[in-house]
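First chain A sits with chain B, and in the next complex the same chain sits with chain C.
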Partner chain A sequence: MHIPDGYLGPATCGVFYALMLPIWGFASNTVKKTLKARQVPLLAIGAAFSFVIMMLNVPIPGGTTGHAVGAVLVAILLGPWAACIAVTVALVVQALLFGDGGITAIGANCFNMAFIEVFAGYYLYRVISGSSPITSNRRVIAAGIAGYVALNIAAFTTAVMFGVQPLLHTTPQGQALYCPYGLNVAIPAMVGEHMLIFGWVEAVVTALVVKYLQKQDPSLLAAGEGVAA
Partner chain B sequence: MKTTVKLWFGLVILILLSPLGLFLPEYFKAGDAWGEWGSDSLKELVGYVPQGLDKLSSLWSAPIPDYAFKGWEEKGLAHLSIAYIASAVLGIAVVAIVVLFLGTLVVKSRESRYEKSK
Partner chain C sequence: MKRANNFIERSLMGALSFLKESIFADELAARPGFLQSLDPHVKAITMFSFIIIVLFAKSMLLVMYLYVQCLLLALCSKIRLGFFLKRTWIFMPLFALFIAVPAIFSVFTPGEPLFRFQVSGIAFIITRQGISGAGLFVSRVITSVSYATLLSLTTKHFVLLKVLRVFKIPQVFVMVIGMCYRYIYLFMEIVENTYLAIKSRAGVIIRYRHGQHIVAWNIAQLWQRSYQLNEDVYSAMRSRGYSGEPVILNGVKTGKRDWFWLCYALTLVIGAVYFTYWRR
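Coming up: the complex of A and B.
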């Protein structure tokens, strides 16, 4: 899901940088107001977790590879705005140091994984959890569903970014300038593979960690509740 | 033991498991992630390398591209795994230091403002 340099045209890259700037601004303001000193280590762990879980490539036999993002788990623990910052830091380090995701596409990649996935996952988790107790099984299931659905929504927005490129940029000879695949190929491919395999990885990881924290330290799960804004 | 300490241990386990992200795709003969092909693979897939893509794709040369040390690409999975684990350690260290630094800065500046306003 890390769009490399060259797959998106300058217009698309610019639009998503422009969209992310106010989101990053609002996220830092919210975090400035709400982050508690004891949450700082957890935020670092969340960002580190997202970084390393994205390295665990999972194969579709004979096909492509993909991975979980961990964004929904971080959002459940720290609220969506802090999670947006945490996943952004992970994505920027991946792009700059390891060339995983393009630097022109940092805005777009953050939009998909640090904004869309984070917020979709957070609110799905909240809605499905309802007023159930922090240690209820309903919350474990909510975390799993939120992880699965939110990663697929992010896969969809990523696919749309890829898929509009041939519409925006084509040479007079009919060759694509950037991503050569249109929406009719990109959406089924990206969403299909995430529905088939990668979404389940996100679901299982998110649900298992929530289950573990329910036993280990339920107060951590309660902390992410009040910072939605 | 504090929960955060246990979670750090969990991260260490994930770092050690990270080469699975190399071995599993190799074992199941899975290729690149969709939309993350290099120029060579693209040429095979669509018959040409899109001009704009060609220009932009070399814009940034990362110091540790694809979590592999330069020159080690052909050395096999064992070497790649070592580079992968080293990359995970380095990446996590950078990510954690950035977040701890920014987080501490934010909390401190708010506390000092609160002190002044008292």
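Coming up: the complex of A and C.
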């Protein structure tokens, strides 16, 4: 789902940088208030954790690359605002050091994975979990559903970004300047493969990790709820 | 159904390649080449400028000029061309090429027909607009990827992350990014050791569902261990003087060569803007 440089036009890149700036600012302030000083390294740990989960890349047609993002999992463990920063940091490290995801597309990638996926997944998890105990099976199911749905929502927003490029940037002669496929191709291609393959990977990973943590150390799951704004 | 445990091999390869890449990049960054000799701040600003020019460019000629310049910079920075081409073309640009191919046909890009052919009675038309659009798209991707790769190959990774300060990114972010990079090393080692242990016990065949459980268990274990580590890291930070506000050290000086290079990049930016938007 990482969008490389060259797929999105300057207007789209600029808009998503502009959209993410206040989100990063608000996330930074919220985390400062909610995280204690001794929990600051946790942000870096969360970012590295997010990076490790995202490391396995598989090329996919229609979009760019596919893998388990783990954004919902990080949100469940750290809370949504801290997860927003953690996933952002992981995406910046990937783009700068490993060329995975474009530098000009960092704003767009962060919007999809560090904002849309994190918040959609986290709140869906909270709604489905309700007031059930930390160790209940309902939370495992909630985590799976949240992982699946949030990834597909993020895939949809990514597809829309790709799909609007021919509308925004085409020469008078009809030549596409950036991603050459419209919404009618980009949405079915991106959402289809995420609904059929990668969404399930995300759901299984998120649900199973929650299940293992319930058995091993349920306090780690409670910690994420403690730092949610 | 039983399957060969490819996910173990892949995870191991991923972890190993990460560690190898980091060490190799630091080795290349230490070579006495042109880009290595520049102030990292200036280098990052100019490389980002080139990537932004590529983003705005509407002409294939301009993008190709920038691509050739990138290859020359790689050569001047003691990076073997074969290695650089292999490194930059594999994956993203090849994938871009793969997805650009259907766009050359009239179904996706209507326009002036260049070639027509039939396969099983179905007519295919390749259009001029399709060819030039796909060409520009692929060359834009490869040129951008090449500049980003060149920057990361000629700059020590931890220095590159510190350079972010020049873009007015809050220090807390820069500190978290720097710490994250060190943690990635640690996590990769944990992943590598754990998967090696699993491989030595599970053999070459593993059940699909069991494989999923192994991956999830590893992620959960990793989180548990890292959470416990948090307390130790905070104590270490306190013992080194951390009082809640991060301070990042900086000792790089900007020389004449850096200013010349910056002037050249600025001229190129102005030229590219003129060429793209005002020259008609």
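Throughout what follows, the second predicted complex is superposed on the first by the 209 of 229 C-alpha atoms of A that agree within 3 Å, B and C clash if a C-alpha of one lies under 4 Å from a C-alpha of the other, contacts with A are read in each partner's own complex, and residues count from 1 in each chain.
Quick note on the criterion: a contact is a pair of C-beta atoms (placed from the backbone, for glycine too) under 8 Å apart; a residue touches a chain by one contact, two chains touch by 3 or more.
The structure displayed is predicted, hence computed values, not measured ones.
Peer 1: In the superposed arrangement, does A:Thr171 touch chain B (first), chain C (second), both or neither?
Peer 2: It touches chain B and chain C both.
Peer 1: Should A:Gln94 be classified as contacting the first partner (chain B), the second (chain C), both, or neither?
Peer 2: First partner only.
Peer 1: Would you check which partner chain A:Met1 touches, where first means chain B only, second means chain C only, and both and neither mean what they say?
Peer 2: first
Peer 1: May I ask you to decide whether A:Thr158 touches chain B, chain C, both, or neither, giving the answer as first, second, both or neither?
Peer 2: Touch status of A:Thr158: first partner only.
Peer 1: Who does A:Lys211 touch here: chain B (first), chain C (second), both, or neither?
Peer 2: Second partner only.
Peer 1: Of the two partner chains, chain B (first) and chain C (second), which one does A:Ile45 touch, if any: first, second, both, or neither?
Peer 2: both
Peer 1: If we overlay the two complexes on their shared chain A, which of chain B and chain C does A:Leu73 touch? Say first, second, both or neither.
Peer 2: It touches chain C, and chain B stays clear.
Peer 1: With the touch criterion stated at the top, can you tell me which chain A residues are shared between the chain B interface and the chain C interface?
Peer 2: In the superposed arrangement, which is not itself an observed complex, chain A uses residues 4-7, 9, 28, 32, 37, 39-45, 47-49, 51-53, 55-57, 59, 61-62, 64-65, 85, 89-90, 93, 95-99, 102-104, 171, 175-181, 213, 216-217, 220 for both chain B and chain C.
Peer 1: In the complex, go through chain C and note every residue touching chain A.
Peer 2: 10-11, 14-15, 18, 21-22, 25, 48, 51-52, 54-56, 58, 91-92, 95-96, 98-100, 103, 108-112, 129-130, 132-134, 136-137, 140-141, 143-145, 148-149, 151-152, 157, 160-161, 164, 170, 172-173, 175-177, 179-184, 186-188, 191, 212-213, 215-217, 219-224, 226-227, 229-231, 233-234, 237, 244
Peer 1: Quick check: in the complex, which residue numbers of chain B touch chain A?
Peer 2: 3-4, 6-8, 11, 14-15, 17-18, 20-22, 24-25, 27-36, 42, 45-46, 48, 50-67, 84, 87-88, 90-92, 94-96, 98-100, 102-104, 106-107, 109-110
Peer 1: In their shared complex, at which residues does chain A touch chain C?
Peer 2: Listed in rising order, the residues of chain A that touch chain C are 4-7, 9-10, 13, 24, 28, 32, 37-45, 47-49, 51-53, 55-57, 59, 61-62, 64-65, 70, 73, 77, 85, 89-90, 92-93, 95-99, 102-104, 171, 173-181, 185, 204-205, 208-209, 211-213, 216-217, 220, 223.
Peer 1: Within the complex, which stretch of chain A touches chain B?
Peer 2: Counting only chain A, the residues touching chain B are 1-7, 9, 28, 31-33, 35-37, 39-45, 47-49, 51-53, 55-67, 85-86, 89-90, 93-100, 102-104, 158, 162, 169, 171, 175-181, 186, 189-190, 193, 213, 216-217, 220.
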